[in-house]
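The data blocks that follow each hold one structure.
Here subunit A shows up in two complexes: once beside subunit B, once beside subunit C.
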Partner chain A sequence: MNALRNRTARPGAQRHPDDPCPPPTTGRPGSTKTRLVRLGWSLVLWLCLFAFGASAEPAGDAGDEQLAEAAADRHACLRCHAMSSLAYRDPETSEIIDLSIDRDGLAHSVHGELACIDCHRRSYRRYPHPDRPAPGDMDCIGCHEGDDQNLSRGWVDIDAEFKRSVHAVSDSPKAAGFSCHSCHDPHRFRPAAVGEPLAQIVRNHNGVCLSCHKRLVSPSSTSHDWLPNRDAHWTSVRCVDCHTPVADFANHEILPAEKSEKNCVSCHSADPQLLARLYHFQSEEDIARRGLLAKAVFNEAYVVGMSKSPALDRLSLAIMGLMVLLLAAHGVGRYLARRANRRA
Partner chain B sequence: MTSLYLYPVWLRLWHWVNALLFLTLIASGVSMHYAGADWLMPFATARVVHNTAGILLTIGWIGFVVANARSENARHYRVRFRTLIGDLIAQTRYYMIGIFRLEPHPFHVTEAMKFNTLQQLSYLGVMYGLMPILLLSGWAFLYSVYLPETLFGLGSVWVVAMTHVVVSYLLALFLLVHIYIITTGETVFSNLRAMITGWHRESDPTRTETTAPTPRETP
Partner chain C sequence: MNAFDKILLTPKNARRLLVTVAVGLLVLLMLYKAVYPILFDTYVGKSNAPLTYANSQPISEKELEAMATELSLNARRAAAEAIVGQDANAFARRVKVEMLMNTQSFMREHEPTHIKYFRDANILQYEGPKTCLQCHATIQVRHHDGRTSEVDTLDDIVNSVHFKFQSDGGGGFSTYGYDGRRVNAEGSRPIPVGKINRACGIPGSFSWTGWAALVESRPESAHGEVALRSEGCGQCHIGGNYQPATEKMMPIGDVPDVAKEGIDCLICHSTEYDMNQRYVIRDDVGLRWNQDRTMRAALTVGRSTTKNCLNCHQHNMGGDAYLHNEAAKALGEKHQRLLHTGAKRGNPFSPQDDLHAAAGLQCTDCHVPEGHKIPRGRMGVDLVANDLPDVEVSCVTCHSTAPHNRSKHKALLNGHLDRIACETCHIRALQDNNVVLRDWVHPTWDAEEGIFTPTDIYRSGEVNKGFTFLWFNGNGTFLANALGNNPNGSTEYDPLMQQLVRIEDPEILAAVREQAIELKKTYPDIDVDAYVEAATDPLSQLTPEQLDERRRMLDQNLRAHMNDGESRIYPFKLFNAMMYEDMGNQGPFGAMILPFDYATYYETGDTAASVKQAIRDPIVQRMYQEPFKRYMMDEFMAYFGVSGGWKTDYPLVDGELNNVEPKWMRQMGSLMVNHGIQPVGRDCVECHSPSGILNYRALGYSQERAAELENLDIVENLRPAASLSATDGG
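Showing the complex of A and B:
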């Protein structure tokens, strides 16, 4: 068996792999037979590959084609819109309307693989574009209504929450025309994922609010002055954590300032709902980042105040203080008793 | 003078390591609980110190339970139910009244039993009651993501947090009393010395001074 293998292997082994010439035919019956068998197998292999390839190709082609079409569409639009200076002055309000789109931001966004005209429908294919979108254009719910499975809240709930939010019900002219896009820039939006540093998530989240409410964080601002460690809160708590109803996850029901959470205890101890949510998130992130065992040592999911209950602390410290006094008194009593005994 | 070898090496080693870890955990725990004051450990340091000491304390506790179950030291933890009430009353009366009248200690330490009833019950409660709750709640804190969302209708992390903090206050209280009570031996430092050398020494007025029994390892 070994001898046969050696003999059949030899012609191939002697040949340089790049040698285009076919191996010299020998008159030996063994090698011809082997070559025939090999040829048969390669034929089978090629047939299989061809068959699979043929069956796989149409689907792959369609998907690729769609992606390629979308990419071509984006490319066409971005030829102008990727220019950072693309803007015009609104003749009515005299405001400068920025029309530029950050190419990288779009590529990393959740909509990065879509064609522009998937959202900007109507006649955006042509230039000049229409001066305002048609109703139904750029409608989040229109596209997203069906894909609720990956969300903790359905799009319909989000829509309902938004309609109750201060942004939707306010009479202020500044809130006029408020829509999803006012906060979620569809060209940049990307949901937060477990594993991202919490501080980064908080920064991104709050960045959305601060893009309009800039004045709040100016050095001279007295806003949120009542809040102890205001700046620490701002870097580690999302605005929506206090400015939405605490009890449910109604993240899009932004409350007016006077109705927002001002009760420290909602987070710090008694009603643990909010804090537990933050703690869980941080814990998951710890495990994802460090692994199960290292988490035990480097656990970062401490939330100051999680174990805080002012009443309990006061009571415990009082009991301990009392105990120290009692023990001290006991000790003094013993000392006096001994001294009296020595004297007697 | 009678001398009893009551504290074998493993027990003393465990005791002092445990004591050191306890103090470390109190310092780091307080630093996190009351975070912000200048005289406390920085939060980030306290966090790692607390976790590490907690893990070591768990290992130490398991070691103690195993060693105690396998050695003769376990006999000191067997409650004498028959005389329990009487012993408790006598012991409490001694600490509240007798001790000031310089009465003799109602409990006599022997090789068969080194704990008086009060001591025994509190050590049992601490080592087999509070300690496991403290350790479990500490670990539950670390791996709270694997807990159900709520326990008894309350947020589970809050339940864990409150359990941990209440038990740690109770254990701190135990530590206070423990440190004081050890001074009530024959002299202020005789009990402390026993936990360092392993030998319990006691002058025996009823007998003439006997030589110490041959140092026998009484586990």
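Showing the complex of A and C:
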């Protein structure tokens, strides 16, 4: 089981929490430092990927057997829990509590190869199930604690960050019982993949926040009105990019509104903090797909830098190219003219 | 500017031009208003004339007051009894009712509202729509999207399905022709869709040829004396005319004003409407349906209640023979209506057999009208007209997607909504007299009624006998077959080659054989084996080429529409009938069905003569001519799966039927059943056991999955609690 856990846990430890949500504003506005951090993280990523590939093989027969066992266990549970309408109405609140699990979502999640009883008590294997989970069931840190000795920032840190976050410290009754699962659905959780379209990542992450903070996006909402182009920001920046501490890399420490980032220059500058956060995903993608040269030319690593419009970028590049051509033509013309003159 | 323009633009010429155009338009309008209706009536052989009703009599003011007092008392008594109905002691109940009835606020609240209006307006005679429209010329309509608008009342009703029984445009559900095209999809040539032009196996006739008939019956009790009985489609439709609203089928033209005067407002709006006034009358022009136009009915007018709807609709839900069909107990003060003893759906809406009716819900609570347009929901297989095709009527609208609240296993039960329609568990059986197989061709003498009636070869309300379960995504075929597929994308689920074309239950086979043997006594020509085969395996009537073509059309034309959307398992009432068919217009899914003339049929039992009589009707003759072919029938046949267009060879030549054969429809029709909802759903093991009611393999599940569904280990754990779930009213 450890092998399995390692596998699934490590990519999670990488810090782009992905589907789920909350987060941070990280990064350090500093530039070289940011780049270094970024480099460090991508190194970690590669290491993880490597570990992932490596761990599967040595597992061998025993691993296969475990996998098969886990698959059988999942199959048994999903007979019911894959029914999309598996739900009931809470007698207290009258709200519909959804018990269904998306089969594909689970399969693609970091926990996709675990057996259900790895997290849920064995007694859940039988129906009817116990009324409520026992203490210690479904405890993320409990499973993941040992995963990250080698990481600079691990589950214990995340736990600490979370405990400082507004979700944990708020007295609001709505925040009562807030836990990892409130944002991270363990049945879907999957780190954002490098190369995934940024818009998709933004949508996924913000979707988690908005599943509770619904009123924010109602048509009559005046929230975030101070922000120019509010809706554009909402579709291209994650909530956590501003709502976690700018200075520290503490993306589980969600800040209350008044402490959140309001300084435009943090992002809109030549060396923005977003580089270390959201655009992190894109940089990797750029490197992989278009190479460093393209990146340098198009300036896309630059977050929302000077020109936010790819069309403008292309246009200026085209003008530049034209200029070069003109210059070259001019040069050639002069050269030819001169040669002709000389001959004459 | 050229010379022509110059000439044209001189003031004199311009004026001339204007006058010419105006006169031209006026002439066209005249032709349309005056000449076209006459030509049209002549063409289709229908008549219109002013309509009078004997019971539309003026009363004196004194009579009005006496009537008002009585009606007011009745209304108060009914309301009071409903309130104190719980008290066990009869005497105490009576005293309480009396007290309540004489309480001032109660009296004010429960007096029929129109008594005051009629008194104030001095209305002493009810003359049909004319009377209503004096005040209700227009009505406010609230639309489902929240808009409100003011509409012309008469227009609204005339263009509703209740009057014209057809709708144009989309016509409702997503009905697909066997040629794979959606009926009346954008870009296709629209055809009228509805009961008006469909010969249906259950009523056995077109509304054109079967609108109103007076049948001479010879009931046993009368010892050979003739008793006139009423029959026909018009008994359940609000037009009081000599014909259905045929004019509405055409691209231009409207129903004449005299026909609109025959609209029966009160059958839907009066609580005291007397169904005994509903019978066929004959006048100088022809046969038509009488209606209740008494002041008594008019004084109790109001919003439509369940009682009003059931005046007609219990006929096709519970059936005429249903014990609690109130309308069927008032058959007419003369020319009594003939009862149809076999039920069309067999799922009644009544407090005794439907939980929603018992809870006092009104039909319009779910079928929320927009003015006079009433929605049927977005799902349906029967290609019947639909006024509001986009309006949803469904259980989850009220019950949400988590309807089970009491059972310990509520989440599991709710989980089933994903695959199973509510009706699948909450309709446990249909009425016993639900007709499955009906032979129109070999009628049986009904001595009690003194008429020949079609022979019901098999009736049953039992699960997998009278109805079965099919995947359904809301789409249907042109001949009422539910479309849908197992969400696993099965290619084995194939209802039009399996569930709907094969009866294999030995009990049904034995019952059919027994009936065939019985029929043979009257009809010696019947070959019992062949008869049983055709009735229970209708595809045996097709040639191998036709079978191949059927297979091809199913795969190429319908498969995609089966896979559309989200399918769930629904219960479907099954139905097939043997009728006369025009074999010149035959395809792999059936041939054009020919109607019966009711009087000939019931009186003589000579079915061939009855068909001959019916198809002599001018409109059927027109159907076999070029204009109808081009306007409608070619398109109709294409949807029907008949290639090469409509053949206009009139099936009656020199007084003999030509190329006409008695046949069973090539597949059973499947009708949705949605009423008769029981509070107690099915038990788990009714489906989840090897002998369960769901045939998982036939429903397209793999062998392994079917085995798993049949042998769920957890079902055993549920046993004690399942009875608990059974008490779950949701």
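Note that in this section the second predicted complex is superposed on the first by the 217 of 344 C-alpha atoms of A that agree within 3 Å, B and C clash if a C-alpha of one lies under 4 Å from a C-alpha of the other, contacts with A are read in each partner's own complex, and residues count from 1 in each chain.
One rule holds for everything that comes next: a residue touches a chain if its C-beta (ideal position, glycine included) is under 8 Å from a C-beta of that chain, and two chains touch if they have at least 3 such contacts.
The structure presented is a predicted model; accordingly, all values stated were derived computationally and were not measured.
Once chain A of one complex is fitted onto chain A of the other, the partner contacts of A:Pro128 are limited to subunit C, with no touch recorded for subunit B. In the superposition on chain A, contact of A:Asn204 is made with neither subunit B nor subunit C. With both structures placed on the common chain, the touch criterion links A:Arg89 to subunit C but leaves subunit B unconnected. Touched residues of subunit A, counted separately for subunit B and subunit C, are more numerous for B.
When both complexes are overlaid on chain A, the residue A:Asn341 reaches subunit B alone and has no touch with subunit C. Judged by the touch definition given at the top, the superposed model places A:Gly331 against subunit B, while subunit C stays out of reach. Shared contact residues on subunit A (touching subunit B in one structure, subunit C in the other): none found. Of all the residues in subunit C, the ones that touch subunit A in their complex are 400-402, 404-405, 408-412, 414-419, 708, 712, 714, 717-718, 721. Across the complex, subunit B meets subunit A through its residues 32-33, 35-36, 43, 47-48, 51-52, 55, 95, 99-102, 139, 141-145, 149, 154-158, 161-162, 164-166, 169, 172-173, 176-177, 180, 183-184. Only residues 79-80, 83-89, 91, 96, 99-100, 126-128 of subunit A touch subunit C when the two sit together in their complex.
Within the complex formed with subunit B, the subunit A residues making contact are 269, 272-273, 275-276, 279-280, 283-284, 287, 292, 295-302, 304, 306-309, 312-313, 316, 319-320, 323-324, 327, 330-331, 333-334, 337-338, 341.
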